[in-house]
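The letters A, B, C, D, E and F name the chains in turn, as written, and every chain counts its residues from 1.
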């Protein structure tokens, strides 16, 4: 995530403001993807109006697993990103 | 995923309040779009033999909505609980709260 | 859709303007999802350049069904949303 | 889905006109993106034995585009017809009109 | 892509600025869809940490094919769009 | 796809610089989202028998990230090479360069 270097202080503030909005949107997107995925994989019985016990526990395990998975992927992603930046990435001249 | 949670910020500006309200409306709207996507896939077979919803499809859609909300409540509660555990309850505005 | 309460009149106007743009975008997204879905499910013969009769009628039924389905889902969604708001949702203190 | 249709608004401001033009261009661009997504899935098998398009794939892509436009015209006509029926023809700006 | 007619010079400039941003986003979206698609279709072995030779060559062919395919679709899309505009599209009165 | 490449533009304004930085961050963020989507589909079976990641799933995720980056590097190199061939190396700002 280099490349933000060319901005002055005011520009950095403006950018940071937008990033906070983006963070909120990202969180919401993550949340709704999570719900959609776990709903899709765990809820398949539409003969009842309320969640079955096994559907609910499947959803809970799915959420847990997805969050742990995302966290692990986040760590690896940061590592790889840092490694690329160190190697000068693909456009060393920048 | 804790790196995605924003910190608390004091006294929101006008632009921030509008952005927060916009984000909240957008979340409800996204939720509806996902509901449409998910429930039509679950309940409407893709042969389209008839233009009308039949009884079975209609009932399936109604139950799908009910279950979709129930899942949202459960997931939201779970995540709020975890966020509070991690952050000592200092979770900011539009973060984990879906149904304001 | 509660939570808009904290805005003053000018902020509400600004928000409304953005919501109108959003409505236009939402309509367009709905439209293109509809087209993509019905195209995907109904058009599978690429030995001809023009729509076959049966493809066209499948698309028309698909559109009808999708709109009716979305309308029904919209009604149920509103009901559930209203019900949640009445129950104080999940953060009653707000 | 009638709750998604915007009402008519008089004398658009400069910002509104730009937003409408932007939305129109965005719609064409979205349509192209969906075309790419749909037609490559329909016409290009996912083994990638060769880097070039073969004759069969090329012809399939061409026909897919023609059919995709035809479906867009049919669906757009159908929805405009229904919108006019419901609203007495008072449908606003960029609403149901795809090909301006 | 008609319909931009009603804008004055300042509005056209503003629109163009936004379109340039949009073009950048479009390119990035295209790029990441391409990566995701080719990764999905070509990389299925997670017993190793590095790309296998056959995975890499599959990805390269996939990218080539996807770019050629997009280019061809772009040409046909422009043709059809031009044809529709000539026929007055669907709202001749505009 | 050459019609998607922007031309070079001289002396970016403040708004343009912010937009470029924003686009760059957004690209990294999109890439992460796609990584999550792709790698969870590849590595996490959708039965959810247990809440924890098991050993096999964890190792699969790690390798998936490594391969995903490798694919990004290969594809990015390939496209930069082709863009330079076509345009004589005059490719603008955020165009084909992913890892800045």
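Note that a residue touches a chain if its C-beta (ideal position, glycine included) is under 8 Å from a C-beta of that chain, and two chains touch if they have at least 3 such contacts.
These numbers come from a predicted model, not from an experiment.
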{"item": "Pair from E-F, D-E or A-F with over half of its contact pairs in common with A-B", "value": "E-F"}
{"item": "Whole-Å separation of chain centres (CA-atom averages), chain B against chain C", "value": "14"}
{"item": "Interchain centroid distance [CA atoms averaged], chain B/chain E, Å", "value": "30"}
{"item": "Residues of chain B touching at least two other chains", "value": "26, 37, 43, 62, 66, 76, 98"}
{"item": "Multi-partner residues of chain A (each touching 2 or more other chains)", "value": "26, 29, 38, 60, 70, 74"}
{"item": "Touch-based graph of the chains, sorted into line, ring, star, complete or other", "value": "ring"}
{"item": "Ring walk, chain A to chain B and onward", "value": "A, B, C, D, E, F"}
{"item": "For the chain D and chain E complex, residues of the former touching the latter", "value": "14, 17-18, 21-22, 24-26, 28-29, 32-33, 35-37, 39-40, 43-44, 46-53, 57-58, 61-62, 65-66, 69, 73, 76-77, 80, 97-100"}
{"item": "Residues of chain A defined as touching chain F within the complex", "value": "1-4, 6-7, 10-11, 14-15, 18-19, 22, 26, 29, 33, 38, 41-42, 58, 60-62, 64-66, 68-70, 72-74, 76-77, 80-81, 84-85, 89-91, 94"}
{"item": "Contact footprint of chain E on chain F as seen in their complex", "value": "1-6, 9, 15-16, 19-20, 23, 26-27, 30-31, 34, 37-38, 41-43, 59-60, 62-64, 66-68, 70-72, 74-76, 78-79, 82, 93-96, 98"}
{"item": "Of all residues in chain A, those that touch chain B in their complex", "value": "17, 20-21, 23-32, 34-36, 38-40, 43-44, 46-51, 55-56, 59-60, 63, 67, 70-71, 74"}
